[in-house]
Structures are given as C-alpha cells and as structure tokens.
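Consider the two complexes below, in which chain A is the common component and chain B and chain C are the respective partners.
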Partner chain A sequence: MALYGYAGKILRLDLTNRKAMVLDTERYKSWGGGHGLGAALFWEFCKDKTIKDGRHPANVCCVAASAVCGTGVPSATGRTEVVGVGVGYDGINWFTRSGFGGRFSTMLKYAGWDAIVIEGKADKPVWIDIRNESVVIRDASGLWGKDTWATQLDIWKLIGIETGTHTGWVALDDLKDAPKRESGDAGRTTQKPAIVAIGPAGEKSGHGALIHDAGNGAGQGGFGSVWGSKNLKAISVIGTGSVKVANPMALIQARQALKTKYITSYEAPDFRQWSRVGGLAKPLTQAPIPTEDRRPQACQGCVNGCRSRSNLGYGNESACQETFWYNEFAQKVAKSPNEMGELSLKVADLCQKYGINTFVLQPGLPWLEHLHEAGLLGPGKKIPSSLPWEKLGTLEFAEKFVRALATGTDIGRDLADGFVPGARKWGREVDLRTGALQFSYWGCAEHGYDPRAELEWGYGSIMGDRDTNTHCFNFMFTTVSAALAYALPIRVDAKELVEIQARKLVPYAKDRPEVFDFSDRNMYSEAVAQLVRWQQHYCRFWKNSALFCDLKWPDLINTNTPNLEGATGSDDAGEHVFWNAVTGDKLSLADGIRLGRRIWNLDNAIWTLQGRHRDIVQFAPYIYDTKYEKNELFPFYMWPCRDEKGNWAYTDLMGRSIDRKGFEAWKTTFYRLEGWDTKTGWPTERTLAELDLGFVVDALKSAGRLGKERAA
Partner chain B sequence: MDDDRGRRADLMPAAVDSGLRAGGAGAASARSDMARRRFLIGVATVGMAAAVRPQLLLADTLVIPNAEGFLLVDMKKCQGCGTCMMMCSLAHTGEASYSLSRIQIQQDSFASWPNDIHMAQCHQCPDAPCVQVCPVTPVKANKPNPKFGNVRMIDQDLCIGCQMCIGACPFIPSRIQWNPGIGRSQKCDLCVDTPHLGAKGGPGGVQACVQSCPVGAIAFTRDMPKTNTEASYTKDLRGPVWKKLGMTTE
Partner chain C sequence: MSSQLPLPTAELAGRILAKCSYADRLPAGRFTARVGIMRGTVRGLPELHLYLAPDERSLPAVNFDRLADWIERVVADAELANATRAAARAADSYVSTCIATHALVERRLEQARAVLGLPAPGAHDAPGARS
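Then we have the complex of A and B:
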C-alpha cells in the first residue's frame, strides 16, 4: 500500500564515521512528521538524554519534513522542522525546536527523503550533497568561515548549477561529480538546489542560526551552533521526484475553497479583514522598504507571501523580527523613514549572512546600551569593549556588533554561551531582577510579548523549552491594538470574538470563552491552563509536526466569511481536510490535537531526563518582582477580559506582574490536567501508557524520574 | 524586457541537445558523455521512425491551426510559491512535483526583482516546433487537438520517448518535460487531460495554475499574443490593488 504524502525514507547520517544509512518512514508514520518524527528519532538515536548543551557530540539533530510538504497544501508545503538539544540559553539547554520556511522540505521530499538525522561529529568540516537517492559527505574546508549566502552560491558552483533564472533543464546525471549510473535516468529539474547553511555565528558562537536561501532562518534553539559543533557547514538537496497524494482532487478543491471563501480577493479586497490566513500577500517587513519596485515572496505553497524581494539589492526575503530589532537605534540616526528602512534592511542582511539568531539581539542590545550608559561597558571599563558605542544606530556599529557576537570576539566572547550566562560572568544577575535584561524564560530572549500581560505566551514558554513563538491567539491583541492605534474600526467586539474562537477549541475548551479572559482575576485559572494546553498540543502536531505555518494557522475567526468562522476545523478547508487529502487518513482537528499531546509528552519525558523539575520551572525574577510598564503611546496590550459583572471588553493589560503563589497554583492545575506528577512535573506511568508512550517508562524509571500519582 | 530573452539563440539538432542545458563549465565532461549517449539513443529512435516513414526527415513544415487558448504571466507579480507547479502536476498525474509540472517557475533567491523569478509556460506556439518534429506516424503523438481548441497535446499512448520535441522547443527552459518514470514527453494541455482537477479543463474551462495562483499572476486568454516571444506572453496583471499594497504597477 502506498504511503501517501511521504517520501518513504529517512536519511540517518553518522558524521563521526562518515556513514549514511536509510530508515523506513513507515515505522514512524504515527508521529506525522516534523517535530513528532524528530522527537521520536531523537529518542531512539540519542544515547545520552541527560546532555545539557547542544554542542555535546551525543546530541542528535533532526531536520524533518511532514506528509504535506511538497504537496501544495496552503501555507504548510514549505516548512521544515529542526529538533535537538539547543544552545545559547541558561544552565540546561532543553531539547527544543525551531523551524524555517522556503523550499527545503519540498525539495527534500522530491529527492525521496522525509527527514535527516544528524549524529556524531565530523573530524573536519563537511557539507552534505543530496541528489535524489545519492548522498555524499563532502569536504567543506573551502566553505568554512564563509557567510551563509556565499556558502550557498559556492555550493551551486560546486554542483554545477548556474545562477540566474533563465536556465535550462538540468539532468542530475550531468551535474558535477554525479554518481555513475548503469541504467535509468535520475531526472531533470529547472530548480536550484535547496541549501541550509551556517555562517560564522554557527561556527564560533552559541547564537548560530540555520539559513536557507536569502532569508529563511531557524534562529531560536541555536541549531546553527549545533551544526557548527558537528563540523557541519551545510546540507544541499536537489530532487526530481514527486509525492503521491491520496486524494489529489480533494486537495485541489480544499485549496480552492480556502482561496474563495476564507481569503479576501484581489478583485474586491477587504484590507482591514481580521483573520490569520485570509489576507493578501504583504511583507511582514517591519521597516519601511524604500521602493515600490518589488514583489511579495513566499514559501512553497503559501497563500499570501509575507516577505519581499525588491530591486534594491538588500533586504530581500528578510521579514518580521530580523527587520525590527535595530529600528529603535536606527531611527535615532536615520534622517528619513526610507533611510531607516535601508539601514534596518541592510542590518537584516548582515544577520542572515553571519547566520545569527537575531532574537537575542532584540532585548540584548538595549541591555548592553544600558550598561554602556551606566559607565560599566566600553573601552577601559569594567566590561571592556572596543565597539564604537558612540555610533550606535549606524550600519558601522551594527556590522561590528553583529560580527563580535557571531565570532565570539569583544563582548561576544563572554556572551558566546548565551546572554544570561554572560550576565552572570559580568556580575549582572541583578539585571534579571530589575528587568534591564529581558530574558524571561530559560535564559531565552523575551519575544516582545511580555508574559505578565500575554499569559498564553508566557505560560506556554515556561512550560515548554524556550520562547514558544506560537501566534495562535496573540493576533487578537495585535489586531485590536493596531486598530486602536491607527483609529481603524473594531471589526468584532470582545464577546463575539471569544465566543466564535471558543467554538474551535476542541477537545479541551470548546465553547468555553472564559479561557480567553486574561484579567487579573482569571490569570491563574483552570480555564487559562486549558487554553495553554490547547495551544501547545495544537502546535505540537498541526504546526510543528504537520508543519502548518505559525503565521497563518490556526484560523479561528475570519471576517471574510459570513458567519465569521475561520478555516480551522472546517469541513471544506480545515487543517485535517488537507491532511486527510494528502495521506488518506481520517483525522479530525481534535485527533491531531491529541497526537500533539502525545508529542508534547514525549518532549516532557526528554526534559525530565535532562533535569527538569517543577521547582526550576520559573520565570526570570523581574517577571514577578516588577510590573510590566513601557511608555505607551496608545493602549498597547488590549486583550479580551471580563469585568466583575462578566461583561467582555478589550482591556489594556499593562502594569501588572505575575504573582509567585498564583503561578505555583496554576502550575499545579496545569500538571494535573496534563496527567503529570503535580509535585515534580514529571510524566506518570499512567499518562504515558494512555498516550501509547510506554516505551519511555523504563528510561524514566532507571533515572529515578518517573512521576507519581498524587491525590487531587 | 528583451523580446527574445527566453528564446534559444541556437536551435541545436534535437537529438544532440535533447533540451538539456547542464550548468557550469566543470560539468562539461560529464555532460558531453551523457549528451553523446543521448545522441546515439536519439539517432537510433529517429532512424526507426525514418524507417517506418522515410520521408519524415525531409518533410516540409506542417500547417498547424492556431490554438484557441493561451497562458499569460506577470513575472513582476509572481510570489514564487510554486503552487502552480504543484497543482499542475497534481491535476494531471495525482502526484505533486516540480519536474512533472507543465509550467516552471524559476527563482534565484540571491537575485533582485524583477530578475529573481522567471515564469516559463508553454506558448501553444503557432508554428509549434514540438509538433513539427514529432516523428511518430501515421498519427503524430504531439499534435493540435481539434476537440479542445487545437491545444498542442502529447498523446502518451503514442509517444515513443525520442525527446525530439524537448529539443525542438525554442525556449529556455524547454516547455516540454521529460517524464523519466514512464519514458515519455509531456507538455501543457491547458488542463484538457486532468483527471484530478475536479473541473472541466482546456480552453473555456479551468487551468490548475490559473485557478490556484494565490496572487493572480497567471491568466488565460483566447486572444493569441501578437508575437511568439516571452514579452508578448507577459501581461501586467497587478492593477490598483497591487498599488495599494505598496508595489509597482509599472
């Protein structure tokens, strides 16, 4: 029977012994793909699950596609998941994840592979050359030290691929160093190989990102540094095959339903629509792009690209946070919005090329500026730094700053293992109490969505492994706050919004709108715990494993439809409709969420072996000890809340902190709902058995870390 | 844009070229070996065809009725999502693939707009060199289909896999694809033969690429473009909404 949606093979690479082996995907199908598949492979092949730094040679890094990659499923086709023990946090770097878009997973599938397991450490720098079934571990000494773009262009040349677009069909058999073939035909393509590479940051610091094409990055998790520690410079893949789809007509029709029903049209667009998936293609670039001569640019299969390529020769494919983190400083220097845009986009390019995780820079640079202004950091100061701090905001400063961080020089030397370990070296732990250093969970940079206001983000991060970076619900606050800031209409009032969204929250919180009540009186409630569970479980399967894009899914409310209901869970264009069309499965939305719970629990088993205990599940001190206050130009953190009488309204949540006792009570509730030991947070045998995770029980038992059943 | 940008400067003998343009000078040796092997295969295939119908190699140009449908593209608008390629392949074969797609979207991530994307669709050429060169007799495998607006279609049951049509296409990349799985050539039929589309295809019907393009960068027209060049098959499909989104309509 055909394994619809899957390529059928997993590539297992042993870098230490320079071996490539093949695993059968069918054995792992129950994990779906992506994170679930990667976690299962990590569990099987990582022999020491107590490691606390992703640069340990025992670490296993998995790069995984899903069944829907390469099939045309909207805003899911082009995502790739990366898992393994991370780098760059504080103390224990948890088993964690990251992901990136673009073309890699699609090309990987067309080459015949569902995932890549990377084990061991090469004795010298290598890159992996995948051409359909051919896998060669090649010498990367000529690539080491190069930036991520130069590396990719060099590999094109090494393979024999031309730059530019008006190129002919290329027969894989005719490429440089093509394997000799007795018979048959390896196929042809007009496409470039899809390459993921690391830059200097991955080679020399703990802030390394994986970069694919010009602007697809897996930054959080520090997987660039994981690859660097393994002497792995890049993986290149070119494929000429195809993916068999169980019901192609159903897939085409569901895609059409999404386009016509849930996405606003180019003919008569609603520019102010509220939805996740339903907008027009528009760059999420958060600095002005100083030209109209550009296009939107999308990951494979996306319905509305969120990046751009222009005629300017800079800023191409960068979007969102990497185009934003330097704005605060650039705007002090730039003489016009266009100049600021140019500056921020050129800085984004720098980060892409150095292959650095830009998330650490966002709260990191303001903290360093604070130390500089306090006279603690600079030339001849207690914390010596020869960076040109007087030029902060310029391109020159940014280049020197990013280079220092990426190469472990200047202040980058002390910050190479993470900003929080760096702060400790400098005797600046106090900054985690005052909030001068906003690394709020696990030594991880706060995303810009403060846990004191945005509960599901904060709770999801601290119950997980790093900044959760899942935008399931936070679009509510960004949409409402933006409407208020720009005097746009409030399209849906708070009560209607939460009620419509709650219709989709199977199986934990269906028709329970109170889960969205983030008011002070509800912030430690069972309802909010259910919301966090829903988000983490939904994401672990539908986003991180099936690989639906975080920026488009779930689509819970949608003003493009007559009844305002979004595509999520719908019978015509829901996530499960696409999944089933591709695989032939009969999953429901809730089935996927249950699978997500299983994957989330496997993650927790790994965290437990790494050393997690309820006692260390704590935010940085400033989250408890200080109130969330920023200079608001407008009501910034608007979230649906109920008042004493139960009336819903969008309410500004600035100005509060998290109460330690309240959070402890919430943790107990969360653990109880998850079926974890409420005293330790460890998985219990009963829950593991219930989730068909019995195979992890022995490992937890022998480590003395199997949870116990507690009376309620 | 240069009118002849995508058109081959040299029309190499089909059997030698076979539509292949491997990149990079260093690939020359391997390419030359493979090209020679294909040349021999090609010669053998043409030889067989000529034996069946000796006049083939000397035949005059056929008079071919014009197609009644064409695809136009806007290369400045395309977002490079590849959806058209996957939907094309799915609608025709039930499998998603770049290589089996009848429309090819080529991208260079490190190039700048508008040279970062090239959309390569079949022109349904008036003179149809791919039809002209098809050696299959007594009925060509590649021919206009009068039942469907004279769309140039390759009959997979008749195709002998000689690849001469691939080499005859005057554009780069060739708008005829080689399907190594079945050893046949294939080309755009404006979705006439799409068992998985779920709608009537062909002229007057639906085309998977047009239907699925998220930004409307591909359009169907019954009006034959003035000249058989990429420029003539390109149309500004952006309009005022595009301008409102902050992107050029020029």
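Then we have the complex of A and C:
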C-alpha cells in the first residue's frame, strides 16, 4: 500500500563511524512528521537523555519534513523542523526545536527521504552529499571556516552545478562524483541542490544558526552550534522524485476554497482584513528597503512570500527579526530612512553569512550598550572589550560585534554559552532582576510580547523549552492595537471575536470564550490554562509536525468570509482537509491536537529526564519584580478582557507584573489538566498510558522521575 | 503650526542638532506586527526625526507626554516641547500625533541648520524611494 505523502525512508547518519543507514518511515508514521517524528527518533537513538548541552556527543539532531512538504498545501509545504538538545540558554539547554523555510524539506522528499537523524561526531569536518538514494559523507576541511553563502556556492561547484540564476535540465549522472550505475539513469531536474549549512558561529560559538539559501534560518535552539560540535558543516540534497498525493483533486479543491473564500481578492484587496491566512503576499522585511524594484520571495509552494528580493545586491531573502534588530542603532548614525535600511539589511546579510542566531541580539546589544555606558564594559574596563563602541550603529561596529560573537572572541568569549550565562560570569544577575537584560524564560530573549501582558506567549514559553514563537492568538493584540493607533474602526468587537474564535478551540475549550480573558482577575485561571494547552498542542502537531506555517495558521477569525469564521477546522479548507487529501488519513482538527498533546508529552518526558522540575519552571526575576510599565513605549497593549459585570472589551494590559503565588497556582492547574504530577510537573504513568507513550515509563522509572498521581 | 515657532538662538540650534548623553536618552521602541513591541532609545532630535519617519512596516512606540518633557528638559527647547504637546492634543489618533510631531521636528531641524548655516543632510527620502 502506498504511503501517501511520505517519501518512505529516513536517513540515519552515524558521523562517528561514518555510516549511513536507512529506516522505514512507515514505523514512525503515527507521529505525522516534523517535530513528532524527530522527537520519536531522538527518543529511540539518543542514548543519554540527561545531557544538558547540545554540544554533547550523545546529542541526536533530527531534521524532518512532513507529509505535506513538497505538495501543494498552501503555506505548509516548504518548512523543515529541527529537533535535539539545544545550545545557548541558561542552565539546562532543553530538548528543543527550531525550523526554517525554503526548499530543503521538499528536495529531501524528492530525493526519497522524510527525515535525517544525525548521531555522533565526525573526527574531522564533513558535509553530506545526498543525491536521491546516494548518500556520501564527504570531507569538509576545505569548507570549514567559510561563511554559509560561500559554503553553499562551493558545494554547488563541488557537485558540478552551475551557479547563478540561469537554470536548465541537470542529469544527476552528469554531476561530479556521480555513483556508477549499471543501468538506467539517476534522473534529472531543473533545480539546484538545497543546502543547509553552518557558518563560523556554528563552528566556534553557542550562537550558531542553520542557514539555507540566502535567508532561511533556524536560529533559536542553537542548532548551528550542535552541528559544529559534530563537525558537520552542511547537508546538500538534490532529488528527482515526487510525492504521491492520496487525493489530488481534494487537494486542489481545498486550495481553491482557501483562495476564493478565505483570502482577500487580489483584484480588490481588503488591506485591513482581520485574518491570518487571508492576506496577500507581503514581505516581512522590517527595515526600509531602499528600492521599489523588488518582488516577494516565498518558500516552495507557499502562497505568501514573506521575504523579498531586489536589485540592490544586499538584504535579499532576509525577513523579520534579522532585518530589524540593528535598526535602533543604525538610526543613530543614518541620515535617512534609506541609509538606515541599507545598514540594517547589510547587517542582516552579515548575520546570515556568519550563521548567527540574531534573536539574542535584539535585547542583547542594548544590554551591552547599557554596560558600556555604565563604564563597566570597554577597553580597560571590568569587562574588557576592544570593540569600537563609539561607533555603535555603524556597519563597522556591527561587523566586528557579530564576528566577535560568532568566533568567541572579545566579549564573545564570555557570551559563547549564551547571554544569561555570560551575565552570570560578569556578576550581572542584577540585570535579570531589573529588566536591563530582557531574557524572560530559560535564558531566552524576550520576543516583544511581554509575558506580563501577553499571557499565552509567556506561559507557553515557560511551560515549554524556549520562546514559543507561536503567533496563534497574538494577532489580536497587534491588529486591535494598530487599529486604535490609526483611529480605524474596530472590525470585530471583543465579544464577537472571542466567541467566533472559541468555536474552533476543540477539544479543550470549544465555546469557552473566557479562555481569552487576560484580565487581572482571570490571568491565573483554568480557562487560560486551557488556552495555553490548546496552543501548545495545536502547534506541536499542526505547526511543528505537519509544518503548517506559523505566519498563516491557525486562521480562527477571518473578515473575508460572511460569517467571519476562519479556515482552521473548516470542512473546505481546514488544516485537516489538506492533510487528509495528501495522506489519505481521516484526521479531524481535534485528532491533530490530540496527536500534538502526545508529542508535547514525549517532549516533557525528555525534559524531565534532563532535569526539569516544577520548582525551576520560573520566569526571569524581572517578570515578577517589576511592572510592564504603562505607556512606557507604546500607549496600549490591547487584548479582549471581561469587566466585573462580564462585559467584553479590548483592554490595555500594561502596568502589571506576574504574581509568584498566582503563577504557582496556575502551574498546578496546568499540570493537573495535562495529567502531570502537580508537585513535580513530571509525567505520570496513567497519562503516558492514555497517550500510548508507555514506552517512556521505564526510562522515567529508572531515573526516579516518574510522576505520582495526586489527589485533586 | 511649525512655521509659528520662533527661530532658535545659535545656542539652542546647537542643542537641537546635538546628540544627548546615554543617561539622558529617551525610551522609544517600535511596534511591529509579528515582532511585537521592541525597546529602543533616541538620543537627539535628528535621530528622533528619523525614528518618527512614516514607515509602512512599523510604528514608533513612544510616550508623547514623556517626549515633550524630554525635549524641554534635555534639549531645553520649550517652544518645540509646547508645540508637540499642542500637536498631540490636536491629533485625532496616535499615528496622527506621530506624523504631526515628525513634521514639527523636521521644521525645527531646518531652522537650526539655517541659523547655524549648515547644509541640509543628504536626503530626507521616504522609505521605499530609490536611493
């Protein structure tokens, strides 16, 4: 029977012994793909799940596609999930995840592989050359030290691929070092190999990202540093196959339904529509692009195009945070928006090439500036640094700063394991109490959605393994706040919004709009715990495993439709409709969320073995000890809330902190709902059995970390 | 309204074009969909002008009461501070306040440069314009 949607094989790489082995995907199909598949493979092949640093040789890193990768599922087919123990956080680096877009997962599947398991450590630098079923571990000594772009170009040349934008048919048999064949041919393609590579940051620091093509990056989790520790420079894949879709007609019909019903008309667009999936292509470049000669650039198969290419020769394919983090400093030296944009985009390029995780730089550099201005950091200071701090904001400073962090030199030496460990080395724990260093959870940088206001973001992050980076609900804050800022009409009032959205929250919170009430009186409630559960479970399957893009899904409310209901869970264009069309499964939205709960629980079993206990599930001190100052910056942080009489209104949530006792009570509620031990947060045997995770019980028992059932 | 501001003295013009100390910085972040509210600072009126420039990607995130106080205290330009307060009162939205304040600051910088005989900076081009 055909395994619809899947390539059918998983590549298992043993770098220590330089062996490539094949696993059958069918055995792992119940995990869906992506994170679930990766977590299951990690569980099976990581022999020491107590490791606390992703650079440990026992760490297993899995790179996984999903069933929908390489098909026509909109905003879902081009993402790749990466899992394993991470690097760069504080204390225990949890088993964690990251992801990147582009065309790597699609090409991986066209080559016949659903995932790659990376084990061990090569004795010297290697890169992996995958051409359909052929897998060769090659010497990377000539690539080591090179940046991510040079590495990719060099690999294309090593393979015999013409670089540049011209393309044509390429026969795999004609490439350099092609395996000898007795008969037939290896296939042909018009595509170039998809390569994911590390740069100097992955080789020499804990800030390493994985970079694919020009601007697709997996930053959080430090997986570039994980690869660097394994002496793995890059993986290149070229495939000539295809993905078998169970019901192509159903897939096309669902695409059509999404386009005609849920996405605003390109002929008469509603630019102020409220929806996630329903907008037109719009680059997310967050710096002024000094040209109009540009076009959107998308992951393979995506209908969005959140990146941009232009004729400038810089900033191509970079988007979102990496184009933004230096703006604040660039504006201090630039004379015009264009000059600021040029600076920020060139700095984004630098980061892509060094392969550095820019996420930590957003709050990290202002903190370093603070230390410098306080006379603590600089030439001859307590924290010595010869960086040209007087030139902060220039390209010269950025180049030297990024290089120092990427290569573990200057201040990069002390920050190599992360900013919070660096702060401890410098005796600056006080900055975690005052908020001068805004790393809110697990040593992870604050995203811009302060946990004191935006509860689902903060709670989801601290109950998980990193900044959650799941924009399921927070469009409410941005959309409503922006409408107020522009004095535009509110498209949907708070009561209607929460009621419509709550219709989609199967199975935990269906028709329970109170889960969106983030008011002071409801912030530690069972309702908010259910919302966080829904978000985490939804994401663990639909986003992190099925690999629907976070920028577009879920679509809970949509002003492009007559009844305002979004595509999520719908019968014509819901996530499950696409999934089922590709795989032939009969999943519902809720089935996927239940699968997400299973995956989330496997994650928690791993965290427990690594050393998690509820006592250490704590925000950075400033989240409790200081208030998110009202109107310090933006005038309001709007979110639907109920008043004393139960009336809904969009309400400003600034001006408060998280109360320690309230949060402890909330944790107990969350653990109880999850079926975890409320005293420890560890998984219980009953919950594991209920989720068909009985296979992890023995490991937890042996470690003395199996949770106990507690009376309610 | 900006045209009603009296010309600054040479001393004030120097302060209008100067960069203030880190200690005197103004908290001024950005509000960006999918990134959130990011913290930042502004250390002078030329930077404030760039910071407030209309941008389709994001909005300035600044407390305008605090901004007026900062102009009064740090730049010591009471006329501009009062003008920004008046502009904020007259504006029908936060974004209108941003736009009006941007125009006021732009005019004040022009005045200061004129008083000191300095040329205008290269280009006050809008985002997206060809450089």
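One rule holds in what follows: the second predicted complex is superposed on the first by the 706 of 712 C-alpha atoms of A that agree within 3 Å, B and C clash if a C-alpha of one lies under 4 Å from a C-alpha of the other, contacts with A are read in each partner's own complex, and residues count from 1 in each chain.
Here is the rule we go by: a contact is a pair of C-beta atoms (placed from the backbone, for glycine too) under 8 Å apart; a residue touches a chain by one contact, two chains touch by 3 or more.
Because the structure is predicted, anything quoted here is derived from the model rather than measured.
In the superposed model, A:320 lies in contact with chain C only, and not with chain B.
Of the two partner chains placed by superposition, only chain B is touched by A:185; chain C is not.
Counting residues of chain A touched by each partner, chain B versus chain C, the larger count belongs to B.
When the two structures are aligned on the shared chain, A:481 is found in touch with chain C, with no touch to chain B.
Residue contacts after overlaying the shared chain place A:245 against chain B, while chain C stays out of touching range. Judged by the touch definition given at the top, the superposed model places A:6 against neither chain B nor chain C. Looking at the shared chain after the overlay, A:110 reaches chain B, while chain C stays out of its contact range. When both complexes are overlaid on chain A, the residue A:285 reaches chain C alone and has no touch with chain B. Contact with chain C, but none with chain B, is seen for A:362 once the two complexes are overlaid on the shared chain. Under the contact criterion defined above, the residues of chain A that touch both chain B in one complex and chain C in the other are 289, 292-293. Those residues of chain A lying in contact with chain C across their complex are 284-293, 320-321, 324, 327-328, 331-332, 334-342, 362-363, 366, 369, 373, 438, 447-450, 471, 474-475, 478-479, 481-482, 484-487, 551, 631-635, 637.
Across the complex, chain A is touched by residues 19, 22-23, 27-43, 47, 50-51, 53, 55, 57-59, 61-63, 65, 92-96, 121-131 of chain C. Residues of chain A touching chain B in their complex: 70-72, 74, 77-78, 103, 106, 110, 149, 152-153, 157, 159-171, 173-176, 178, 184-192, 213-215, 240-245, 248-249, 251-253, 255-256, 259, 263, 266-267, 269, 271, 280-282, 289, 292-305, 309-313, 316-317. Residues of chain B touching chain A in their complex: 5-6, 19-24, 26-27, 30-31, 34-35, 76-83, 86-87, 89-91, 93-100, 104, 106-118, 120, 166, 172-174, 177-178, 180, 196-198, 208, 211-212, 214-216, 239, 241-248.
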